[in-house]
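There are two complexes below, and they share chain A, which is joined by chain B in the first and by chain C in the second.
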Partner chain A sequence: MRVGFPGALLYYQYYPLCKTFFELLGAEVVTTPPTNREMVTAGSSMMVAETCLPVKVFMGHTIYLSDKCDYMFVPAVRCVEKGVYNCSKFLGLPDMTRAVVPECPPILELDVDVEKGKGNLYRGIYKLGSRLTHNPFKVKRAAEEAWRVHHQYVDYMCEWGQTPLEVMDEMFGGNGHRQVDKVEKFLSGDSIALIGHPYLLYDAYVSNRVILRLRKMGIRVATPEMVREVDLHSGTVAVDGGAYWSYGRDLVGAGGYYLRSDVDGVIGVMAFCCGPDSLMMDTVRRYAVRLKKPFMQLIVDEHTADAGLITRLEAFVDMIHRNKRR
Partner chain B sequence: MKVGFPHCGSAYIPAKAIARELAGGAELIVPPSNSKRSLSLGVKYAPEGLCIPFKLTLGNLIEVCELGADTIIHAGGAGICRLGHYAKTQEWILRDMGFDFQMLYFELSKRKLRDMMSLIKVASGGASWLRILLALRFGLVKLGVVDDLERMVHKIRPRELHKGTATGIYRQAVDAIDMAGSHAELKKIKADYVDRLRQIPLDPNADPLLVRIIGEIYVVLEPFANMDVEVELGKLGVEVRRHNYLSQWAKFSFFLNNIGVDENRKIHKAAMPYLKHDVGGDGWESVGEKVLCNDEYDGMVHLAPFTCMPETVAMNIMASTRENLPVLTILCDEQMGKAGMITRLEAFVDLLERKRRVSRKSEKLARV
Partner chain C sequence: MKPVYLGVDVGSVTTKIVTLDEDDQLLFSTYLRTEGNPVVTIQHGLRELSNVSHEDIEVCGVGTTGSARYLAGVILGADIVKNEITSQAVGALHYIPDVHTIMEIGGQDSKIIIVRDGIVVDFGMNTVCAAGTGSFLDHQALRLNMDIKEFSSRSLLSNNPVRIAGRCTVFAESDMIHKQQMGHPVDDILHGLCQAMVRNYINNVGLGKEILPPVVFQGGVAFNQGILRAFKEELGVDVIVPPHHEVTGAIGVALLAHEEMEVTKGESKFNGFNVSMADYHTSSFECHGCSNRCEIAQISLDGKVLARWGGRCDKWERTDSEKEETKV
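This part shows the complex of A and B:
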């Protein structure tokens, strides 16, 4: 039995969790290679043009996986904290996948909604596991182990100051996983924080390898995953008074933390048409203006070209250098 | 206290009625009706990626502040769509612009009636609950009359001999209703205008297409945002119907939802095979209505603000349902031009007419 987990959107947060869970239940987890042009084209040709790039990329990955697995795992993460909801596109992700990718194998769904109570989530997990085994204890054990691995993964990123791809590489020994761009030397002492959702920052195609480009300029790059949960929370409170979006802390929480920390500048990355970010990016920008911290906002879409991006990154880095010299 | 608020369809009518009923409390400042100026003010100060409801309401609020409002009533609270955060962001933007005011939030997520009444109590300087309830009722009755007349006008527009008569009478009616001071006067005005609308000469041979208007509630209700799409469709000989009326919304969310009546249950049930959950805003309803309206209607016009999250999900799903009802999606934003929209509507109506002709012909053949 092969379970497909498209390497986009939720991949960077939940791949270790999902891999552990399904493998303990005796299934093989299949994922996709890094995003490439074909996937993006395939995804965007199936979708309405107004959809944001990450969702188009997700559909591209799903199409790629369609004939390579028996089930597709597409969770709907609705609410992970009371009173805080997620973007509509995450809420309707399984239904949207079914509508957009007709050739997709049967979809394994999981509704994550803590507003409906823990019992509901546990039942959902059992129902998900029961597609693969009839032994509820096995499902329970797998879920607990997956949860442990997930925490370990989050802690590693935070402790080692590494990106999800690097940590996954360490955890799973690099077999069948994405290649990690490694740059050993950090020439200058400058550091820049990149804030934004993991599916933008770590997808080399979507973000146009922005992390690698900055590292090649000799800059230490910090990302939201390297911040502790507590700090993300206090960052959110400082900027916005409280969480409004489930994944808002990628931008607001990390923004609030890094803008007050000693990094030299902060770059916010968002996708064109992104509903939550269009609002939150402005909130973070307002906060940056108040603190007089260098801040730049990058908007990515299908048409983002290297040259424009490089120029803007160079200009930002130059500005930081000049700022420091003064 | 001078109270300002943003426009949303004909919401200004009940607001004015309530303010007049509770005279002696706050002064109500009605924003100038939506115009190019309100839009361009909104566009100038809003973050670019936000939808047209944000930009227009921000424009309204700026204009209200310019007129000297010191209190602003706005819808807010945690919801699933971005809308819940709009009041907060707009407050910051207005403060950055140097306006000084107090913001009163109207929570859209729960206990709407109680929240609305306590809001009115604050704004009116502590009027009695009974007076507030009576004033609110009067306002909602006015709104109901406006919407009843609008439903009539939708029927008459495609059938009238002289295009534009019904729209003209409707506009006069709205002004008259706005001025009405008592229930008796309102009743008389309603009877009067219903009579006038009934007397409009109709074309006996008219055979209008039936089109459903669906989509995000603000752009559906606000003619400036959707560029009078209903009037233009009427001119093209199309009868429009829609589910969203402000009076309907108020009736259900203030009263009936509290006792467990859900106006959308049928629509949600219809959407189940394609979309199993609420995705915020009106996305779920859009998908459901496409399924429900398949047999009765000739087509649908789907209105959505550009970058609207729920409607984008709905659009992606609606494109591949088994129900093969033609849908024209019109995205509303500040770049939109009326000529372009009319061309699209004309082409859409032509297609619908052709489709109807072909299906009638095949029905006739089948009967022979």
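This part shows the complex of A and C:
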């Protein structure tokens, strides 16, 4: 039994969790290689033009994976904290996938909505597990172990200050998952925090290798995944007192945290036509102006020319260098 | 032999070449249209430089900037390759040391640079849309069958601008045609267009930035008196157009090259004036290494590849000469 988990959107947060869960239930978890042009073309040809790039990329990954697995796991992550909701694209992800990718194998769904209570979530997990096993205790053990691995994964990212791909590489030994770009000469000089959704920052195709490019300039790169939950919370409170969108919360929280920390500058990465981000990023920008901390916004879309991106990154790094030298 | 520092700014529309002497005084400057062929234009500019310099000059440092800065850097043997933002800021600070806001509008992009106490603290650039840049003005002048210089003087004659939507050039053009067919005089339409472009610039590029005087306006579009007037009216402060405003980027990078050479105290990597005669060959191909199918551009001299660009990975970034070095 092969369960497919597309390597986009939720991948960077929940791959270790899903991999552990399904493998303990005796399934093999298959995922996709890094995003490439073929996937983006395939995904965007199936969607209306207004959809954001990350969702198009997700559909591209799903299409790629369709003939390589028996089930496709597409959870609907609605709400992971009371009163904080996810973007509507995530709420309707299973239905959207069914509509957009007709060749997709049967979809394994899971509604994650803590507003409806824990019992609802547990029932959902048992229902999901029962597709693979008849033993409910096996499902319980698998879910508990998956939860433990997920926490370990999140802790490692904070502790080691590494990106999801690097930590997954350590945890699974490059087994069944992607290779990371290794840079020899990084970790010197100035530090810059990148804030943005994981599916933008760590997708080298979508973000145009922004992390690697900064590291090659000798910059230490920090990201929201390296910030502890408690700091995210205080960061959010500092910037605008609360959050409504869960990804927005990570972004605003990390922005608030890093702007008050000793990093030399903050770069916000957002996708063109992302509704929540256009509001969230601006609250962070305003906060940066108040604190007089260097802040720059990068918008990624299907435009493949990288000249504008390189110029902005170089100018931002130069600005920080020259500021420090005075 | 007089020591000079060479600054080259290869933009999308124009190429600027300057030389500065030891005291950072401008000795030579030229402003050429790139016309889609940066290599030939750079060679042309170099020939012009060697013809003009009567006394023998010795190039002690070379800096390149602009969107073709890496290409120019390879051809010339640059000591420093800098982005346009830093170069423009350094150039502006050279002439107006107390500047607080630098507005630069070029052929394809427009920038705003916020400076406090001689340090760049913030900057903004236009996004992929080229609305409100020099090439749009060029296009409109062409459509009205007038020289771009005439555009500049004609718009000054108007005291009664018409309202033109400036958010998008496609809309601006249809708005202009509409006003023209209604019988509005061309001068008023041009004045209105200048105001629309300035509004667009301040709302998009200058979004959320604190524009404090002294304000400096540079780049090729600063030649346009109509735009300058619109900026002054919109901002309500004096807008300074510094001397040599069309080549400030090149001056900036020449200054940076000078600074760099004083720090390293080494010899310049300048390839010499012979490069203006050399037969550079640029070509491109599609990489079949993975499904990304990147378009790789390369520049070669006598069959030897000097540099390659355009890949999403590092596969093509090593050149023939570097490979030889590692073999030894």
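Heads up, the rule we're going with is that the second predicted complex is superposed on the first by the 323 of 326 C-alpha atoms of A that agree within 3 Å, B and C clash if a C-alpha of one lies under 4 Å from a C-alpha of the other, contacts with A are read in each partner's own complex, and residues count from 1 in each chain.
As a working rule, a residue touches a chain if its C-beta (ideal position, glycine included) is under 8 Å from a C-beta of that chain, and two chains touch if they have at least 3 such contacts.
Computed from a predicted model, the values in this text were never measured in an experiment.
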| item | value |
| --- | --- |
| Fit-or-clash call for chain B and chain C when the two complexes are aligned on chain A | fit |
| C-alpha centroid angle, chain C to chain B via chain A, nearest 10° | 80 |
| Which of chain B and chain C A:T311 touches, first, second, both or neither | second |
| Partner chain in contact with A:R209 - chain B first, chain C second, else both or neither | second |
| Chain B versus chain C as contact partner of A:P294, first or second or both or neither | second |
| Partner chain(s) touched by A:S130 [first = chain B, second = chain C, both, neither] | neither |
| Chain B versus chain C as contact partner of A:A76, first or second or both or neither | first |
| Contact breadth on chain A, by residue count: chain C or chain B | B |
| A:T51 touches, of chain B and chain C: first, second, both or neither? | first |
| After superposition on chain A, the shortest CA separation from chain B to chain C (Å) | 6 |
| Chain B and chain C footprints on chain A, overlapping residues | 286, 299 |
| Chain A - residues contacting chain C, complex | 36-38, 204-205, 208-209, 285-286, 289, 292, 294-296, 299, 301, 303, 305, 307-308, 310-312, 314-315, 318-319, 322-323, 326 |
| Residue numbers on chain B that touch chain A, as the complex places them | 47-50, 78-82, 84-85, 88-89, 92, 96, 274-281, 283, 306-310, 312-313, 315-317, 319-321, 329, 331 |
| Residues of chain C touching chain A in the complex | 67, 82-86, 109, 118-123, 125, 127-128, 208, 290-293, 312 |
| Complex contact set, residues of chain A against chain B | 47-48, 50-52, 76, 78, 83-85, 87-89, 91-92, 94-96, 98-100, 102, 111, 241, 244, 272-279, 281-283, 286, 299 |
